[in-house]
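Chain IDs A, B, C and D follow the sequence of writing; residue 1 opens each chain.
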């Protein structure tokens, strides 16, 4: 009897935790909506998509176009992914299949450290190393590319470490089976190990990308913060998070509500992206 | 019983794991086209022996092999041996079915394309070998579905078909039936039996009845002085009736083991 | 063909090695920069003195104190619900709520940390009346690291052999026992990794804390006092204080050393745990 | 019960007030002064809503903000900065306007050595931006920036990493970084060198007050702290941050 009661308590606790977590997500969306309400209900939200520029501080011609910023958020994230995913996966392959044990341990330590460097430090490193480098060839240096590189570095450990644990979790018998068929090592890895671990790898990439799209403090230093549609990777851009970070502390009533609405749009956009992935059955973890 | 001609000569083989000698002074001749069963209690080096036949022992850190294993005039164990083409010639089927968790078709494409077969040849060979293991009718309409959804027996037959598709001279079986239900086990056993004459089979089994049913030759492994070795070899029937080594005798007659 | 395959393996290994280097090279560069700038500031006094001249002089003792409390609050608030949700999600059976919950955990993982900061300020500081405090900051961070904890725990539980749960059920164990005595110990190394990653993120977070735990450089007397975490300190020195770079670098070095220590300890203990688990079997 | 004062607002003012608050706390045990940052606008809104006893503001008060009572604790000059390699001596107000409107895009157009100009501007809402706009008479929509930055430090680092850049920052911050070897230079504005002495004499054209504002009646403790900030006792703190104390 008491054993069954413990089960009931457990199931209650688990359900409560699940509800709490669900409520948190709803709560954040709700909170953003309430703060953004003046913008949404005044019908001014249309300015988001019809205005061409973002110049909330202008007295003569305030504009609140958000499209270029959403685009910038997506582009920066994509660029970071293009740079970080192959490098992260290859690094993890090296760690699991090629590196001697002693080196592998060091690699883990370093990646864990990289994961813990505060984003401000990444930002300043980017500003003092990457930006001047790009500036020499394509001024001003603050650019989509610089932001992509810095972000890629920041999400690299997440991708590499999760890929590593997905690869080490593969059953040895599967790899022995591949070896017994006379597959070369690159073939064993690329055709058997990676496809087998793809769920774990995808989860790691999703986690990394999630961090990338939400990253603020490093990006704001190196992206240039010009709200425009970039024509090349060397053009400065301004993602949504940068705008919030740059202006939230200084914004007054209406402007502030626009910033909250921008945050809400960003969250809804990622929610849409997730929904598509779930529909396609890709996000079953 | 098939025609007798030696395919593999094992001379003075020893296998060490770091300081531990798992196998010592093994001599064995494996006849072409025959089924050779390796029997004996657990932990006497049968699996290590089997794995060294296609150098899967390379994958085990700290594992060292000495001695000679001659296949087609070349020493399998020499460092110059090309393990990839060796493993193509010497296939292996494991205790637990291990199809790649990808589509059935990919399970054939991966090894066949790697060994240089064209797309067309790959499709032909897949069909041939699936037919050979009697799986074609069961899976021909779902080749693009994941192999992980097949039953245990089907998975094991798929693994055998996958090995057969490469046209190996030898297939090594490491207790291929022990993870299967009796019915599936019977199907796989019959399948192995049917390979006689076309492929040389070396099988590790704990099922003496099975060994007696399918094997032409028997090698009995036993632990002597802390490491495994072969204590007796011979034709299956002869050994079961009149083994000379006392341990082998008691094991085969079911008194010990 | 044989030769090209051998070489293929070599080339592939080299490419992967270079990729690994790509990740580690910049880190070494960053660390080198930090050491060059900040190492001179680090002395025993740096760990025991109060902050002076906005961090350009003095030490970081109160900052370390606050950081410790914030992380403690964060982990204390995040681990129980995190594990709860993870075990809820790995229980057999699938329903709409579970699907939705998974999606919301994914969504939570993508919410910008600055939005967490704004949410924390509105909810914990204002609505719950906790004000600028260590507690507000810790709770905000807890919301932020929750998805990391959940996902790593789910992954760790799912990596356990399938038969573990069924064989334990077959032994007539209650769900509670299975969870606490079978699944939890098995998944512990994975959970520890999740906690380590979560701690690292909490330690290195700035945006979520500026609006919640605040800015004060004095040693907090209670969890309801404002106190700046080390990342906020680094941020403030780097962004707002002229000539703060040296103090920022020194503090960043301290943070890195702390992370190194945490990683080392968690690895050490999870290995120890694994050893015990195996020897007791 | 500990008596406490909550102060929020401008990141420019916060370090000065925080240092002064620390000294004030040491001299008056049992009193606690909490300084939080978040920008000038936050200082104003927190002071209005009563969330904070005092708000820190690093610009002049705008229309609609005059109901707050303001105390000026220091004056800060905003100077134009370029990279150290840039040999330009100074700029007039007209030249600055032309540069920031992108009517001139090469340094040769203002008498410098040939090279493209990278215009660095501050984000909307920053105190220095508003001071700059007041000086130039521009609307923020007129400015065609290449890079937008947040605070002074980011502006300094941006200019330090780009030989063609121009930006504007608090003179105190710039001088302090120059002293420390950061490769930037302060330009003369309308022929007046950007130094605290010129700001103190009221000659330098771009200046701003550092204010503490409050919404209603100040408590005795708040009033005491305000006069402490204007007293000789905190003069060295204000000067150590390279701002100009207000003569009382």
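Everything below uses one rule, namely that contacts are C-beta pairs under 8 Å (C-beta built on N, C-alpha and C of every residue); 3 or more make two chains touch, one makes a residue touch a chain.
Please read all numbers here as calculations on a predicted model, not as lab measurements.
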| item | value |
| --- | --- |
| Where chain A and chain D overlap in contact partners, by chain label | C |
| Farthest chain relative to chain B (centres taken as mean CA coordinates) | D |
| Approximate Å spacing (C-alpha centroids) for the pair chain C, chain D | 36 |
| Chain A and chain B, separation of their C-alpha mean positions in angstrom | 48 |
| Euclidean distance of C-alpha centroids - chain B vs chain D, Å | 80 |
| Interchain centroid distance [CA atoms averaged], chain A/chain C, Å | 16 |
| Sequence positions of chain B contacting 2 or more other chains | 84-85 |
| Residues of chain A engaged with two or more neighbouring chains | 124, 128, 184, 245, 248 |
| Chain C, residues touching no fewer than two other chains | 5, 238-239 |
| In the complex, chain A residues that touch chain D | 53, 55-61, 63, 124, 127-128, 131-132, 135, 139-142, 220-221, 224-226, 236, 238, 245-252, 255 |
| Residues of chain A defined as touching chain B within the complex | 171-184, 187, 191-192, 195-196 |
| Residues of chain B touching chain A in the complex | 54, 56, 59, 83-88, 91-92, 94, 96, 98-102, 106, 110-111, 114-115, 159, 162-163, 166, 172 |
| Interface residues, chain A side, partner chain C - complex | 3-4, 6-7, 9-11, 13-18, 20-22, 24-28, 31-32, 35, 86-91, 93-95, 97-99, 107, 109-122, 124-125, 128-129, 153, 156-158, 160-161, 165, 169, 184-186, 189, 200, 203, 206-207, 209-211, 213-217, 240-241, 244-245, 248, 260, 263, 266-267, 270-271, 274-275, 278, 283-285 |
| Residue ranges of chain D touching chain C (in the complex, touch as defined) | 11-12, 14-15, 18-19, 22, 25, 32, 34-38, 150-154, 156, 172-174, 176-177, 179-180, 240-242 |
